[in-house]
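Take a look at the structures below.
Presented sequentially are two complexes of subunit A, the first with subunit B as partner and the second with subunit C.
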Partner chain A sequence: MKRLFFSLGVILIGTFSLLPFLWFVLTSWKDPTEITAIPPQIIPSFHWGFYRSALDKYGLLGYIRNSAVVAGAATLISIAIGSLAAYALSRFHFSWSRLYLMLLLCVSMFPQIAIAGPVWRILNHLGWLNTYHGIVAAYISLSLPLAIWILTTFFKELPYEIEEAALVDGCTPLQALWKVVFPLAAPGIFTASILVFIHAWNEFFFALLILTYPGLQTLPVGIALFPGEYTMPWGEIAAASTIATLPLIFLTLVFQRRIVRGLSAGAVKG
Partner chain B sequence: MLQEISFEVADGEFCVLLGPSGCGKSTLLRLVAGLEEAASGSILIGGGRVDHLPPRERDVAFVFQNYALYPHMSVFENLAFSLRLRGLPREEIGSRVSEAARLLEIENLLSRKPQELSGGQRQRVAVGRAIVRRPKIFLFDEPLSNLDASLRAAMRVELARLHDKLGATILYVTHDQAEAMTLADKIVVLKQGEIQQIGSPSAIYHEPVNTFVATFVGSPKMNLIEGRVDDKGTILHSGGLSVDLSKVLSGRRSEYAGKSMTVGVRPEDLHPGGPGGAWVAGEVEIVEDLGSDRFVHLRCGNLELIARMPAGVPLKRGQTLNLAAEGNRLQLFYQGRRITGK
Partner chain C sequence: MKGHRSAFPFLFPSLLFVLVFSLYPIFESFRLSFYRLILTLPWLGQKFVGLENYGDLLTDPVALNSLMTTMIFVAVTAVSEVMLGLGMALILNESFRGRGLLRAIVLIPWAIPTVVSSQMWRFIFNDRYGLFNFLLFGEKTSLYLAPLADPQLALMAIMTADIWKTSSFAALIILAGLQIIPDELYEAASIDGATAWQKFRHITLPLVKPALLLALLFRTIDAFRVFDLVFVMTQGGPADTTNVLQFYGYKKSFAEGMIGYGSAISVGVFLFSLMLSLVYIRLIGARILERRETA
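Our next item is the complex of A and B:
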């Protein structure tokens, strides 16, 4: 009986969480009449016209390209800087490292709207508004604390004797880092990369603020600007949202175990 | 913290650093390897000073307590890693790895990863990683402590054979005095960062310089009887026990008459004595029968003694047992330090 209630609970919560996603996927396959039908039509007729329209008329590919460039660059740079910072924090016993990590955590909890003004002013002063490097810099500042936190925990799990063995075997400290530490920390680096990428791919607020030129806008902003003055292209919005979600679903499904492991690393001694 | 440490390891010698946990033996080993930095002093390897050099330039090989194998590399790659860093030709790398693998009987494991190996196999790979380097000195940090008892005993023999074959200079850290006694040419006994004694296993065992060495080396440990020497300097009284010191303190009776002293006697030097020849009578509390050896724990008033008994002596709990020891088998300690009676 307990198992039955548990299963029912899981189904209910799963359905509640997935329902919005399921609804817009189904909407993307409906034809124009099915979208506005009363009573609402659940099963679509698998009409692909909205996908064609989203790609041809609304420039979806351009938004996808921008999102890929911005999220990819932010991920690469955040992980490169974050992994070195995390290594230093985990290996060099600074008296202030714990305080530093706490400060990082606090900073990452700032509401984006609270720092939007200063970030805009800095980027404007630098002439980096409406540029890839401007938005990437903003994303790095947002995702670096998360990357450092995850990677510090991973590096702490690696036995230091393995690095010492590498030093005795003939490595310089940098060689030991490159040939031994980073390959062993690959699961953590991978996990942090996925989480940073997902965050950057989904980010809306700073992209809206910093990228006002249509040719540079990312997917979340582009889709939000689909509606015209008098039209609400639900079909195209649903199709574009489905396409936007696909990479993230793929990444999360394929690497779900690593993501969980990455987030729970260090929680239990093993 | 290490205090005023100074010792030498001769070429081809198997030197063991022995001591309880926290005595500084691993720290000392790591200083030699360059993994720790000394506040003062110098370290010389092959006549050349190395304390300013990083680990990779000291020509030492280190075998860690938990092996520290590279998990992402196969056994072959683990063995070849240091040789590749030094830019050796592929043929020579292959040859050295094969030679080490043959010596350690791990040829069939070369393609495996460390996670697929047993503890004993990992230990051999860790030793192999050191052998291929052909270093000036091998440093072993309690390499057998993670193995079970039977494997540890087998690996001890393997290490001794390896030392004979290679003629290598070895500095070996252990807290296990049986390991030290069986492997070492020379033992350095440490306590709280200070050297207590340096000597051969036999010297350490039979002529310990103080009560710490006397009780740390030897299993079961040496019996220590604290008491007071009589005015004539011939008998030591301890509670109801009287120990005849006339043979062992013959030349220095007047010097130690009336003074507090400790008498040490090893369990194997206590033997059943007749009513006239016995100098202690105790009640049997526990009998440890280990098959090849029997150890009896006796209570003599406030004193607890351990004696090794031959197989034929009947023993049961509560029984009174008379024990004697030859006078020349007694060790004398004054204020913790060993003295000779002559």
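Our next item is the complex of A and C:
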């Protein structure tokens, strides 16, 4: 009886989490008549037509490229800058390190609208609207709190002795960070990178404001603003959505354990 | 190592970003909220009007309705997500074959871009061939509803999409809380003849309470910022029934160019979420830091 209940729970959770998205993925392999069919056709005829038209007619490749460049650059730079800060926060003892961590925590909870206008005007002033570096700069500042909190947590867990030996042998703190802490903290750095990447890949609000030129827009903006005058091109939207989500599903399935650890250890919103 | 002089170069790059792109903008939003500045009426210039924007905000029926809508959204989604998350976490905490797989599957909604899940739910709620209608009414197409165009259903549809997407996040936080409950407690209770319900009620629930609170607070703060779902699924409609605060602020500032008034909305939203964050920091942040310092 108990086992039956339990199995039912497992199936329910699995279906709840997987079914809606699976339905959307199946939609991407249908042909136009199958999409509007009542009763719905569950098994598609595995047409690749929507993928082809998403690529050819809607320029999907460009959105993928923009997303990869923006999320990749934002991740690399935030992790580099974040590691420096996390190193100082976990190794030097100074009075305002606690205050700085709290400030970051507070900043990470700002509603986007509260800073969006001025951020837009700063970027406009610099001529950085509709540029990769403009959106990357915004994303770095959005992901730094998350990166620094997770990295500080991981750096604090590292034994201090090896590093101390390196410092005694005449390494500068920067060399100690690069040669000793970095290799040892690789798992933590990797975890933080995955979370920052997912965050940047999925971000919509700032991308919508900063990237108005279609050739520079990222996948979320492209998918949200999919052009459709009288009927929505659902097949193409489903195809683009599947492609936008594939890298994330891959990361989630492969690095599930790390992601869970990063989210709960840092206890910072991802 | 000691001294903040040697720490400063390490912190400087991050501080620069936080100052320029987070702290300065907040102050600038505050400042602009005291001005009348309308981009579509440039000849009016930028005029200091004191608290006028805030006065307007408090008597603006759309803004008050928007606040109400946001509150309903936050309360319903955060509570549902924590309850669902608790259910998921309880199951994921048991050991069974395929647990790793189920854990990964549960993470999928969390990993999907919100914009993608918004389009997906928009398709499911489609009025002519959506899965929602088929599951409810089968082939009786004359009964089909248009949830996203119906003022009584639109908010519910958006809340469904949010609950689907973020319950797994709540589950992860709660799962971390469940995993630190020592097995001995359950074993001792079993020896004393406690039923499964008694064990849940008197061991699990009290000990997992901090994690539940943490999940609730996280979800509250995040639900308060809902934007993507509304932008894609309803654009705030029908009849403003899904016009949440972040969307209203966005519309005023960016679509209508009412910078001063938009800033007043932004400041309002900011103050609300600052209050929540402070509760969070008091409750959780201090505890995390202390744990680390004693460790």
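Here is the rule we use: the second predicted complex is superposed on the first by the 252 of 270 C-alpha atoms of A that agree within 3 Å, B and C clash if a C-alpha of one lies under 4 Å from a C-alpha of the other, contacts with A are read in each partner's own complex, and residues count from 1 in each chain.
Just so we're on the same page, contacts are C-beta pairs under 8 Å (C-beta built on N, C-alpha and C of every residue); 3 or more make two chains touch, one makes a residue touch a chain.
Predicted model, so just to flag it, every value in this text is computed and none were measured.
In the superposed pair of complexes, A:R258 makes contact with neither subunit B nor subunit C. Of the two partner chains, subunit B is the only one that A:V180 touches; subunit C does not reach it.
Shared-chain residue A:P159: touches subunit B; no touch with subunit C. By the touch criterion defined above, A:A224 reaches subunit C but does not reach subunit B.
Note on subunit A: of its two partners subunit C and subunit B, the one contacting more of its residues is C.
Of the two partner chains placed by the overlay, neither subunit B nor subunit C lies in contact with A:R65. Contacts of A:C171 after superposition: subunit B is touched, whereas subunit C is not reached. Looking at the shared chain after the overlay, A:A137 reaches subunit C, while subunit B stays out of its contact range. In the superposition on chain A, A:H47 makes contact with neither subunit B nor subunit C. Overlaid on A, the two complexes show subunit B and subunit C touching no common residue of subunit A. Subunit B contributes residues 33-35, 54-56, 60-62, 64-66, 68-72, 81-82, 85-86, 129, 133 to its touches with subunit A in the complex. Of all residues in subunit A, those touching subunit C in their complex are 2, 6, 9-10, 13-14, 16-18, 20-21, 23-24, 27, 35-40, 81-82, 84-85, 87-89, 91-98, 100-107, 109-122, 137-138, 140-142, 144-145, 148, 153, 156, 173, 198, 201-202, 204-205, 208-209, 219-221, 223-224, 226, 234, 237-238, 241, 244-245, 248-249, 251-253, 256, 259-260, 263-264, 267, 269-270. Of all residues in subunit A, only 159, 161-162, 164-172, 175, 180, 183-184 touch subunit B in the complex they form. Per the touch definition, subunit C reaches subunit A in the complex via residues 1-4, 6-7, 10-11, 13-15, 17-18, 20-26, 28-29, 32, 87-88, 91, 94, 96, 98, 100, 102-121, 123-124, 126, 128-129, 131, 134, 138-139, 141, 164, 168-169, 172-173, 175-176, 196, 214, 218, 221-222, 224-225, 227-228, 231-232, 245-246, 249-250, 253-254, 259, 262-263, 265-267, 269-270, 273-274, 276-277, 280-281, 284-285, 288-289, 292, 295.
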